[in-house]
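Each in structure tokens, the structures are laid out below.
In what follows, chain A forms one complex with chain B and a second complex with chain C.
What follows is the complex of A and B.
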């Protein structure tokens, strides 16, 4: 009799386990369906850019299949990479981004440390204030900034407008608040006992920051670095407003101003320039992706 | 090494007084445990000694110097935290030597001190590992090692064993005691566990609601508690408190419990209790080991009575019985050889020589 009941129970139990794994299988299928749709949607523009960049101007304007290259050529690439203009844009962009990242980190790491750890009068209000400044769009800021630079030039005789390096001072207004905010969150997730232990061990605030917080919060700092780099690399409005001479341009504006002449669009080179311009952030993301993800999800789980 | 002195130390958070005027003298080499329920101000007191909290009022002295305004890094103290607080990016050796490296000690001395401390704590093999590769007990050893290598004036422990499982806690307790016997550094240790307090301390400081209830060696607190709080807090299972009052019966002073039980006051205590007004509400304090089975405890000091236990807890070397009496639930300890059943009557005896009499209103032991 007992063997009978076991036999009965056997299949029904099996079926239940089977249905659970079937649920899981369906969930996986659906997620693949949506991820594929998502990937197609977002890969569509870069693939189209890549195909176009391999075409001659004649082929681009010809009424052929836009998704196929009949006479592939690398001339767009060679022309751009040997053009002094494009290399100047690239150099300007690189210098601006690197300096902006450095300035941003030098300001926002100590700022975040102070706001997260040193309890002082008004520190919470200040932390919220930092975030609120990030919410003001740059489209509202460029006119007052322009006016400020003009007044500054009047008073001191130092002309800031139409120099690529002015962007080094302008971009941190966008990057510092957000990076500070990310890092406040990250620092807050570090157990308080850790800095107390360091302080009892004889460390000053600076030593605690540099020898404990920076190494422990490295994922958060890398996430903030990537953000600052991407923002300054891709920023369009400020360079459009503050730089006009060709040799002072950065990539995003440089490509537009030099490769569009009147109503003539040099599509092949525009696409090539955009692709080449997208490469550095892509490379940085690829290398630091793991850090980036753990940086953004900090605070969700402690540690 | 140094003595630690607290004079009328107060800690206020806005309107709340977390610590309400504490006086404490800790001589050099002593191991003092601050014990009490959560929110009693013990951790705050320790953090004030460490310098991690400002002192609202009063004075703290380490080695004779007032340190109220001395930052933690200049107090020459070492602290062990509940969650270990090891630096996750450093190896065990780096963790232990961090304080010495900050003070630019010579490399050879750092190495020697770390090696010595690692040997004392039996973590020599782990010296190159990162904290995440260590178990809880090993991490706590490293945290202790970090304190030892500094050779500070004072060790501060903030509930260091609370994150460990029960077995490991007992083991680490012994380790801590061994370390203290070797290095003899003045130690202030905070815990909510009265067993830890009893086993580790030279002197126990029982705190409650921001005040010190009693200071004394473990056995003194156990046998001569000053207040109901201390009597109830120290000892496990806790002391029984039975409502009672004093009455005279035929020229004899006796303790009346409920309607049926009257217990004679032991002769050596008559003088002490005689002046107490007879209508004062009193509590009879009896530890479980003084509520015993009548069978194996006979003699003048033992007063037998009948009870019906509703819960029996065999512990192996002893058996605890829980039974109602005079409207309260009591716990007694009987010889494990005696067959006791829940619901079946059992003859118990009171050991009056070890009784305590408390004023119900003030909570003071008389």
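What follows is the complex of A and C.
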């Protein structure tokens, strides 16, 4: 198409294309300049975390150049990684996230399969409902949930508040709707012939799901798993509202409640803890960036 | 779930006595229902019930023993702090979303401009704020804004600008929470817009270039109409999330100074959980519902439209 129009336009057009490519080159140079500026804006807080994490308390309170480390030390890291308290937070966070991922997958994969492939009474309404649930924020639900758990303890004597494992029951409300929603999208994109062939060959619906849909939609499942893990790892409001004892806290609340004591801020350790807390999602992101991004964009583009 | 589906493997050997039940269990819709049952239970018990329960809670008095009707709402309407929170929530959400969308749009174009093989690297770097848990990154900002050791003020002092009370002064505190929210949220827009840009057919730009369109006309007449749906959905999503934000304000200012930076969520937490007034806290958080509902209706409309186009 392009070549045809160039032929028609003759030599004058050629000159313009030459100037356009020069414009392009300049546009590209400016793009790099501005991209660098934006990259600095987006990256300096984590870099500053890293710089501070290498400093001793003495160096921080001496108020030397905050953007430079004169006596780098790993003492903050060794101190935190050998402190039982911090390791408890880490363990709680890891256990909660892993259980939440498992529960989320067990609930959302069969449900997405049923909603994408097997119509039943009210299935379209349910699909819309799942999406709407995803739009209900945690900030709307934490007060009624808090009261519900208190009432539950009165009725059954099982205390849910102030136990880290209560988060395993709460977090799926954040992860399941979104994961189901993106899995519906992934399952719907699988050609119908594939499961029809399986059913004709005598496979049951469960077999179709496990032997065909799960392997074919594996990229989607990985994206959903990453999403569920990141959300559970990062959640801050629910642990803040539902747990208070030090040994029951997860990382985000643990760092804030134990490392910040009154007016004494041990910034070296706080930054180290925050960086270590941010490490698992960052590592996953570094290795599985494409899955991470596909999960992010699938939520709004697959419908 | 697995049990319900099991009989279909050997349908021929159905016993005559239990064939009715078995037929029912073998039906496709029955199996599907059981597969979706855990999802329905979860949504019903942990989302729908609490949502309605919070409406009920909002009509009780502080000790939750007496029905007061709209008493809590009337009480809120008379309080100055409430109107401040309404104002601040709207200002916070709208300003932050506009800037996130603008930055996302510009940076998406910049990334789209450079050669394909470099794009991955840049995209990877620019998305980092979105990956770090907000509670952790806000701590870094809190430290950057520290009253006595602020790294910003250190830089500003070198160009002769006096120390700024980033989280101490009401105006600056409002600016700070919005800035951090933009920093954390812009990468989401970037990635959505970049995906949308990639889906615009190259021929459209070629056709526009042949017609002599300049870069502004190309954006206005080609890019924006093609991206309209994604822009609308992303903005509405972000509006919901920003409006309901908790982490950033809670950690950065905890609502202060003098409740000037409270959002509905942080104020509801302060009153409901920390102040032990669950009904009043529930009433405050319920004020988020109208805006969320409007945004949700529009999102749903756009998503259905997309579905029909496909």
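One rule holds in what follows: the second predicted complex is superposed on the first by the 252 of 303 C-alpha atoms of A that agree within 3 Å, B and C clash if a C-alpha of one lies under 4 Å from a C-alpha of the other, contacts with A are read in each partner's own complex, and residues count from 1 in each chain.
Note that a residue touches a chain if its C-beta (ideal position, glycine included) is under 8 Å from a C-beta of that chain, and two chains touch if they have at least 3 such contacts.
Worth saying up front: this structure is predicted, and the values here are computed from it rather than measured.
The superposed arrangement places chain B and chain C next to each other on chain A without a clash. Note on chain A: of its two partners chain C and chain B, the one contacting more of its residues is C. In the superposition on chain A, A:26 contacts neither chain B nor chain C.
In the superposed model, A:204 makes contact with both chain B and chain C. Touch criterion met: A:212 reaches chain B, while chain C stays clear of it. When both complexes are overlaid on chain A, the residue A:194 reaches chain B alone and has no touch with chain C.
Nowhere in the superposition do the C-alpha atoms of chain B and chain C come closer than 7 Å. Of the residues of chain A, those at positions 202, 204, 207 touch chain B in one of the two structures and chain C in the other.
By the touch rule above, chain A contacts chain B in their complex via residues 191, 193-194, 196-204, 207, 211-212, 215-216. Listing the residues of chain A that touch chain C in their complex gives 1-2, 5, 20, 27-28, 31-32, 34-35, 38-39, 41-43, 45-46, 48-49, 52, 60-61, 63, 65-67, 106-108, 110-111, 113-115, 118-121, 123, 126, 128-133, 135-148, 169-170, 172-173, 176-177, 180, 202, 204-207, 230, 233-234, 236-237, 240-241, 252-253, 255-256, 265, 267, 270-271, 274-275, 277-278, 281-282, 285-286, 289, 292-293, 296-297, 300-301, 303.
Chain C meets chain A in the complex at residues 1-2, 5-6, 8-9, 28-33, 35-36, 38-40, 42-43, 46-51, 53-54, 57, 64, 103, 106-107, 110-111, 113-115, 120, 122-129, 131-137, 139-141, 143-144, 146, 148-149, 151, 154, 183, 186-188, 191-192, 195, 203, 206, 209-210, 230, 233-234, 237, 240-241, 244-247, 250-251, 264-265, 268-269, 272-273, 278, 281-282, 285-286, 288-289, 292, 295-296, 299-300, 303-304, 306-307, 310. The residues of chain B lying in touch with chain A in their complex are 50-52, 71-73, 77-79, 81-83, 85-89, 98-99, 102-103, 146, 150, 156.
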